[in-house]
Amino acid sequence: MDIAIIGASGFTGGDLIRLLLLHSKAEVTCATSRSEEGKPVSSVHRNLKDLTDIKFTNPDIENLDADFAFLAVPHTAAMKYAGQLKERGIKTVDLSADYRLSKDIYESTYGVEHTCYFEAPYGLPELHREVIKGADFVANPGCFPTGATLAAAPLAKLAHTIIYDSKTGVSGAGVNPSKTNQYTNVADNLTAYKWTSHRHLAEMRQEAKFLGSSAKCHFTPHLLPVNRGILTTAHILLNEPLTQEEVEKLYQDRYKNEFFVRLQNPSLGGVRGSNFCDIGVESEGTRIVAVSAIDNLVKGASGQAIQNMNIMCGFEETDGLRFGPVFP
Amino acid sequence: MDIAIIGASGFTGGDLIRLLLLHSKAEVTCATSRSEEGKPVSSVHRNLKDLTDIKFTNPDIENLDADFAFLAVPHTAAMKYAGQLKERGIKTVDLSADYRLSKDIYESTYGVEHTCYFEAPYGLPELHREVIKGADFVANPGCFPTGATLAAAPLAKLAHTIIYDSKTGVSGAGVNPSKTNQYTNVADNLTAYKWTSHRHLAEMRQEAKFLGSSAKCHFTPHLLPVNRGILTTAHILLNEPLTQEEVEKLYQDRYKNEFFVRLQNPSLGGVRGSNFCDIGVESEGTRIVAVSAIDNLVKGASGQAIQNMNIMCGFEETDGLRFGPVFP
Amino acid sequence: MDIAIIGASGFTGGDLIRLLLLHSKAEVTCATSRSEEGKPVSSVHRNLKDLTDIKFTNPDIENLDADFAFLAVPHTAAMKYAGQLKERGIKTVDLSADYRLSKDIYESTYGVEHTCYFEAPYGLPELHREVIKGADFVANPGCFPTGATLAAAPLAKLAHTIIYDSKTGVSGAGVNPSKTNQYTNVADNLTAYKWTSHRHLAEMRQEAKFLGSSAKCHFTPHLLPVNRGILTTAHILLNEPLTQEEVEKLYQDRYKNEFFVRLQNPSLGGVRGSNFCDIGVESEGTRIVAVSAIDNLVKGASGQAIQNMNIMCGFEETDGLRFGPVFP
Amino acid sequence: MDIAIIGASGFTGGDLIRLLLLHSKAEVTCATSRSEEGKPVSSVHRNLKDLTDIKFTNPDIENLDADFAFLAVPHTAAMKYAGQLKERGIKTVDLSADYRLSKDIYESTYGVEHTCYFEAPYGLPELHREVIKGADFVANPGCFPTGATLAAAPLAKLAHTIIYDSKTGVSGAGVNPSKTNQYTNVADNLTAYKWTSHRHLAEMRQEAKFLGSSAKCHFTPHLLPVNRGILTTAHILLNEPLTQEEVEKLYQDRYKNEFFVRLQNPSLGGVRGSNFCDIGVESEGTRIVAVSAIDNLVKGASGQAIQNMNIMCGFEETDGLRFGPVFP
């Protein structure tokens, strides 16, 4: 199956190519980038030298010769391609925020008008697998909401308050240099940012509601001196206390058939480079601490996008994603 | 004034010596270490070469020739020296946990019997300056409770729940090699530990109570890939909502005369090597996020101990501590 | 093909298991560890949870049921197993130093008696592929000599002096906690060690000689704050000057058929987790700077061991090793 | 004494202010920055909040009210201020490259015309203290040449070849975001850059010549994942072999009266934040390895500039610089 990646010069584009090298049925045949047009992909993603010989092209959906597309462009850019891809019948996973929320909430959260809205399944397979199966366009979740929602899901209905305290690696700040991702501002350091106003909170609330929860959700992210990974500490306040055993059973029951969710003491190093979400949980009565660890570029972006593709296309869900995290 | 440091081979001992080099009235004349006895202090604290020529000696309180002592030994070891120091009339700051809590709570928290209990002021000057002034023995607070309590203090009385989500640098794990402080387990990584059961929680609860708060306090620490520093994100749930302006005013009023508390966007880099505690606060109505940053070895240990010494001895409170953080 | 890993609880053991998960013909069925006997492999190598269900066993060569073995034990331990493995006809790659050098040089370099000496090919495929093909026991090179020798090989005959200035990640210091690999001693830091006396120098000299070089070889390693990787800067002093073009041609000619050697500006990030050795070269007349980057646990250990296995067994040389480095 | 810092918004400007806070005779009363004009210095150098209340001004040499000036602007900018400062009789240390080299070598090295050339002492006090004493304008050395020259100086006359293999922290790349100092390009990584062509080599050669050496000098820098510090490994090839004892004596003799040079096993952590240069040396016969460690922003820039000021003004040479490095 021929794959096109629209917007392939960033970190998620690079990881899509890296991961698809291991896929048994898919091959990246088109990688677009306006700024890098004509250059070999491996001149930008130098880790991939000799593993791919394709060159960046200008995005041209009309003449796109591909069976499946990944949109790895920023929000508002994705909506410019989405309609055309739909029309042409090219199945698509969109890694941007453009189709994750209802039109209203999207527009108020991102402060822009949505010029090409339609409904798309929210591509968190552990919650929405059935609707993803039949879809030809899936909205890949944000990196923070992926780890946060998986951490809290088994308890969401029982909680009155959920506080997500997340810590993210620097690759989440993108591939362009800025004060935010400058080494001297990040290394041997830690900061909180968007303490109460990060846009990913809208997705967390949407998914909590989907899970039947009426809990108040809060979210504070922090910028860590690591390259990859998001660790989310979910402080979950329950209406009624639960014992450690009861809590563990809820998590085991919910995730026992989920290959990519592993119930063990989570650490960023333990999932580095992989599509796993490791989750642990500890009860303090009415307050539960649930911690999840993901690689923000894999389970938080490109790996989950491939997982969605596999489900959409009827492939083995783990195809291309069944390899070990790199530790240390 | 001649200073003795009992237990001077660890990180806090090293930083006490480093900081006291800048003090106008104090000089370290005795540094004890059983394991390093006879060696020059600068052969262990190699950063201090040519800045001090004293040698480690065996601790011998009976013959100690010093005007002031710092106990920088582990908990349970401090109580072995404390009584003798008191008897000899040597003013002392104890950096261990042995005198921070009531006897009951100490014994249940640390699971040991206290064999030499007496009451001592809790050496957080921003809360207890007046009783420190007259004291000849002060219990220096734990690193986590220092940052956590300062972050929440202005709101403690108004809260029903306070969740401290703290992130600490590796020097907090001490100077002896272990799996916990091994580079390959920490670098490019993040983990939570003692998710609901860290012993410092007892101090946080004690101080919240002192502040007139009846809030439930919770605490989850994380181990960061940084050398120094603790960033504490206090998620404070209020009974009644407060606006951003109201919250800011509460913090300004409480800290306007505190040299070592600076109200600005906190980061570990911004306080590195210094005695400052930087605090920021943001309102989301009934949930307030207050974030504090300290250097765990300075404001979280040795610097605060010197601040206490200054108060106990009637020196300028900032003597030896009025220098800039090292950034980047 | 059933694979046994003797000494599987360390970093190289972990990476052998991780890498062999991707191999089309090999499966790890035995992993030994005296200290971890009976525990699931994934309880030690937690990154591999749900990817392998084998348990550590005690090493028992006599009853070993395997087609191929990797010795991932320290030097002097390997020689205790090597003879028995040979007798039993189990093809083996030894990752220790025990069979890399002649008996004389081994004994003088390592200061121990070799109690089970025999000759074995030096498993650097780019130099010794032909003899590896027919071998049933191969000595896998040291991590430093791999990167150093590949960096200098095309110029070795033309040089009178080669100075290898290497910088290694912390995983090279092994899996047990020590002052050397303690976070606070390594992070935000850099040190040189064994400035003139590192034992790997003996391998570098042996390989230079094999290449027909009479150059004096020197070696100084440094400990970097990174998890994985060795960057070697080879300062090569020539008898006669060479232009940039001439030098580049020598490298292109030597490595044009080597999949795992890529001629591009090397960085540790660009090879992380992979079996690639990236090499760059720049001429300053009679002084040439050649720089190589490898992942010390992969091309410097476990990946190269699998590459050797592939050659010994007639498999595709890149089987299990044809995947992209993880960047960033 | 009133101090003006021309170009005070960068890292060296920030460290000048930080360090001068500890000086007994100097006070920064003017800090210029075109881009930050009008803002409090501590709004840019947030580590200095509450330690200084001055604001950035536009540079205006004509009306400058200061007793001493530091030029902390880029090369070519410094020459625009230097003449006027001289005319006005304001003693000055220039941290740029503009007055470090002869006019010819400067112009060929930097590829620009020098529009205001005059001779100035090269401000490496350990080599040029006497001429600095009487000077009213001193050229502060580059960061790399400082560490490199101090490492090799005692052996320079005896060497035929010196290869400086240097490893620098990221603050050397300046305060503006770029691909070079982007976290994801540097962290858990290592690269060499300007392998044979770095401009600082001209200073190294000039100083070797000053020391009476006819050795060929070479230089290759590397970019390290650390904030501060330069470790230089000098591979020194001698005409005649020297024993370890002979070499050590040469270093002891040369540096026995130099407070800021400490002969001990060097590490970046051991000098962090301080003006020390730690040097170690090991003999391998005709090849000597000498390693130096400095903080690139202190001994490699701002600290050395203050050391020069102290000498020029007849102050105690260590005034403001006699404090301990921050470790860990």
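Note that the chains take the letters A, B, C and D in the order they are written out, and that residue 1 is the start of every chain.
The rule we apply is simple: a contact is a pair of C-beta atoms (placed from the backbone, for glycine too) under 8 Å apart; a residue touches a chain by one contact, two chains touch by 3 or more.
Being a predicted model, the structure only gives us computed values, none of them experimental.
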{"item": "Comparison of B-D and A-B (more C-beta pairs in contact)", "value": "A-B"}
{"item": "Farthest chain (mean CA position) relative to chain C", "value": "B"}
{"item": "Inter-centroid spacing, chain D versus chain B (mean Cα positions, whole Å)", "value": "35"}
{"item": "Whole-Å separation of chain centres (CA-atom averages), chain B against chain C", "value": "45"}
{"item": "Gap in Å, rounded to a whole number, between the CA centres of chain B and chain A", "value": "39"}
{"item": "For chain B, residues contacting two or more additional chains", "value": "11, 170-171, 184, 187-188, 225-228, 265, 267, 269, 272, 328"}
{"item": "Residues of chain C touching chain D in the complex", "value": "161, 163, 165, 167, 184-185, 187-192, 195-196, 216, 218, 220, 222, 224-229, 231, 233, 235, 237, 265-269, 272, 280, 282-284, 287, 289, 291, 293, 328"}
{"item": "Residues of chain D that touch chain B when the two form their complex", "value": "11, 14, 17-18, 21-22, 45-51, 170-171, 187-188, 227-228, 259, 262, 264-265, 267, 269-274, 278, 322-328"}
{"item": "Chain C residues within the chain B interface of the complex", "value": "11, 170-171, 175, 177-179, 181-184, 186-188, 225-227"}
